[in-house]
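Consider the two complexes below, in which chain A is the common component and chain B and chain C are the respective partners.
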Partner chain A sequence: MTIDDFIEKFAFAIETEASSLSPETDYKQLPQWDSLNTLALIAMADAEYGITLSGQAINDTRTIADLWTLISSKVKA
Partner chain B sequence: MFADKHILVTGATSGIGRAVVVDLLRTEAHLIAVGRNRKHLEDLALLGKDKVTTIEFDLTDFGGYRKLIADMPSLDGLVCSAGIVENNPLRFFSLEKYQRTVDVNQTAPLHLVAELAKANRLRDKASIVLLSSITGTSIGMKGTAAYAATKAAQAAYAKVMALEFAHKGIRVNAIAPGMVQTPLVDGSHQLSAEAIELDKARYPLGKRYAEPEEIASVVRFLLSVDASFMTGQNVVVDGGFTVQ
Partner chain C sequence: MIKPISGVAIRAVSSVVPTRIARTADYVHLSPEERARFQKATGIAERHIVHPGQCASDLCTTAALRVLEHLAWAPESVGALVLITQTGDQPVPATSLGIQHRLGLPNSCLAFDVNLGCSSYPYGLAIVSSLMRTLGIERALLLIGDVSSLTCAEHDKSSWPLFGDAGSATALELDEHAPAMYLDLMSDGAGKDAIVIPRGGLASRRPAGDGPAEQETDRDGVTRRPDQLILRGADIFGFAISKVPPSIQRTLDAAGIDSGSVDLLVLHQANKMINDTIARKTGFAGDKTPSSLEHFGNTSSASIPVTLGANAALFSEAQRSTLLCGFGVGLSWGCALVTLARGTILPITESDHVY
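Right after this comes the complex of A and B.
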């Protein structure tokens, strides 16, 4: 489980190319981002990692690395 | 208006269903409150005293319906309010979540009405109210294909049931709320507080979601003789959301 794997899953969830993303990407500034993508990320976290994320917790992240930190901390917990 | 009337409410322990029970307690109706949460049922029993009979029952126990209604009096009213919603977008579609939503929201009300009909437990001139939604009947919402379909089904049921029961004077209507401030919304945690506030701002009437009591009052109207010539309808209660 690496951040590169996560970027692949993130890209699939919001329907963009993983090659256009990096850990530092401020993902809410992506042209295809809208707040309802949060629901896709919640579903991805459930399906891929078996964890429950809240919309508020996602909203509090800025970069893909932040999101990965959030998810990996819950996976370890 | 509801003296000696027996009204069954499903999903009675929270949200709209609980609001319906509390609202009808102000009338002379006798209520049968069906739900899964024992503690909340006990609270309702305390609140309603001898006017409420509570039944702990899982509506997905389809084999248990005959036993559920075996000792019930014939009904003058039925409110099918039990419902769930789960985030289930297509790219991460879960057949298990889909089936759970269909079982509770769509199969349960149809099966219950059918079993009541087979057992002749619906009195002439009874009124049935089904809980639809603007989601599925008027609008879509990402991640809610199953929920939307089950809520559109309620509007369809109302039309078909209205015709099947009309000869007995039994009326069947649905209500289609927009977002309602219920535990279903409060507890979902799926949208951030900011996203919910933005969504509320899209409601012309008050920039807010409906309170459960504002849906319960429409349920009471549809149950009453004041709605005696209404059947097969889907009544939108959405603060003007869908007329924009």
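Right after this comes the complex of A and C.
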């Protein structure tokens, strides 16, 4: 369970190339980002990590590293 | 855990949609690429929507006439009529009263409305069956329907392309041999703003843009009139995939069976991503979870009867043990595990009739 694995899964969920992403990526500024991707992210977190992300918690993140911090904290909880 | 209800049989279920079709491929507020992505993620290719002027009450009345005719029930034999809708004809009186009169049901028929959305079907079965058993009412009609298209701003990409309009009627009858109905009914008003019409009248006859109403821009960036629907998809998604699978499990536990013993899981048709996730988490394979999303979209309160009607052939050969599960606005959710006798489900019909 590393951030690199997470970036792979995140890239697959939003149908983009993992090589175009990094922990510092401000993911909501990606040209293809839209509200459907928020749903794809929630579905991926449920399927891959067994956790439920709320819309508000996602709103409060900016970078992929923020998302990973959120998910890993919930996985440990 | 709540008690099962026995001694009430579901005799017939009918669903009615308007003829007018709105296609995802024609939705001008999304680019062609966005339309393709939307359709892939939600599973919605098109929906049936009313011409302004046709109400949920019209669709439900047509559906009710269909089950009365199918069962050859005399109107005077019906002892209760319950309408569940969030798009009634007018704020006062309850829309069910007008339908009682139209259908020629007797004065001894009790009639009232219930305000629920996507959870309507399990709630409706519980309400009507309880009344019938407790008060000794032999026959009842449960009408459920909404014209959600009239509540959404057409430019609102988060709601308008999701919703279809539909009405339904379920005929129930006391029958001491009827199999038990197992229920799970839940509420969480902490999520009341996840799907909300903040203000304004709900009459479906009210034309869009009628009267003075100031536009407001919500935190999602969409500008709407305050009497139009706001749907916060991410909040609903999180709720649905975390709360609905345990409800399905409690229902199976109440009946003392596992998912393998259930023929079909009929979910509220929210969108494909939500429904696929719930089915996966509860161990129901794709061929046990019929859908109506592709051609009817999210038909709100009527989505379970519409999905039954869209897959009527599944019920034409043998009885089916069916787990019906609704979830959404409220937040409100629940399940009913029922046995649907052969031939109980009538195919969907189309009607633009206004009464």
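Heads up, the rule we're going with is that the second predicted complex is superposed on the first by the 77 of 77 C-alpha atoms of A that agree within 3 Å, B and C clash if a C-alpha of one lies under 4 Å from a C-alpha of the other, contacts with A are read in each partner's own complex, and residues count from 1 in each chain.
The definition used in the following text is that a residue touches a chain if its C-beta (ideal position, glycine included) is under 8 Å from a C-beta of that chain, and two chains touch if they have at least 3 such contacts.
Keep in mind it's a predicted model, so treat the numbers as computed, not measured.
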Quick check for you: in the superposed arrangement, does A:G55 touch first (chain B), second (chain C), both or neither? both
Request  = May I ask you to decide whether A:S35 touches chain B, chain C, both, or neither, giving the answer as first, second, both or neither?
outcome  = both
Using the superposition on chain A described above, determine whether A:M44 touches chain B (first), chain C (second), both, or neither. first
Fill in: Contacts of A:A13 with chain B and chain C, given as first, second, both or neither
first
Intersected contact list for chain A, partners chain B and chain C 35-36, 38-40, 42-43, 46-47, 54-56, 58
Residue set of chain B touching chain A in the complex reads 87-89, 91-92, 94, 142-143, 189-195, 198
In the complex, chain A touches chain B at residues 12-13, 15, 35-36, 38-40, 42-44, 46-47, 54-56, 58-59
In the complex, chain C touches chain A at residues 34, 37-38, 41, 157-158, 232-235, 237-238, 241-242, 271, 273-274, 277, 280-281
Chain A contacts chain C in the complex at 34-36, 38-40, 42-43, 46-47, 52-56, 58
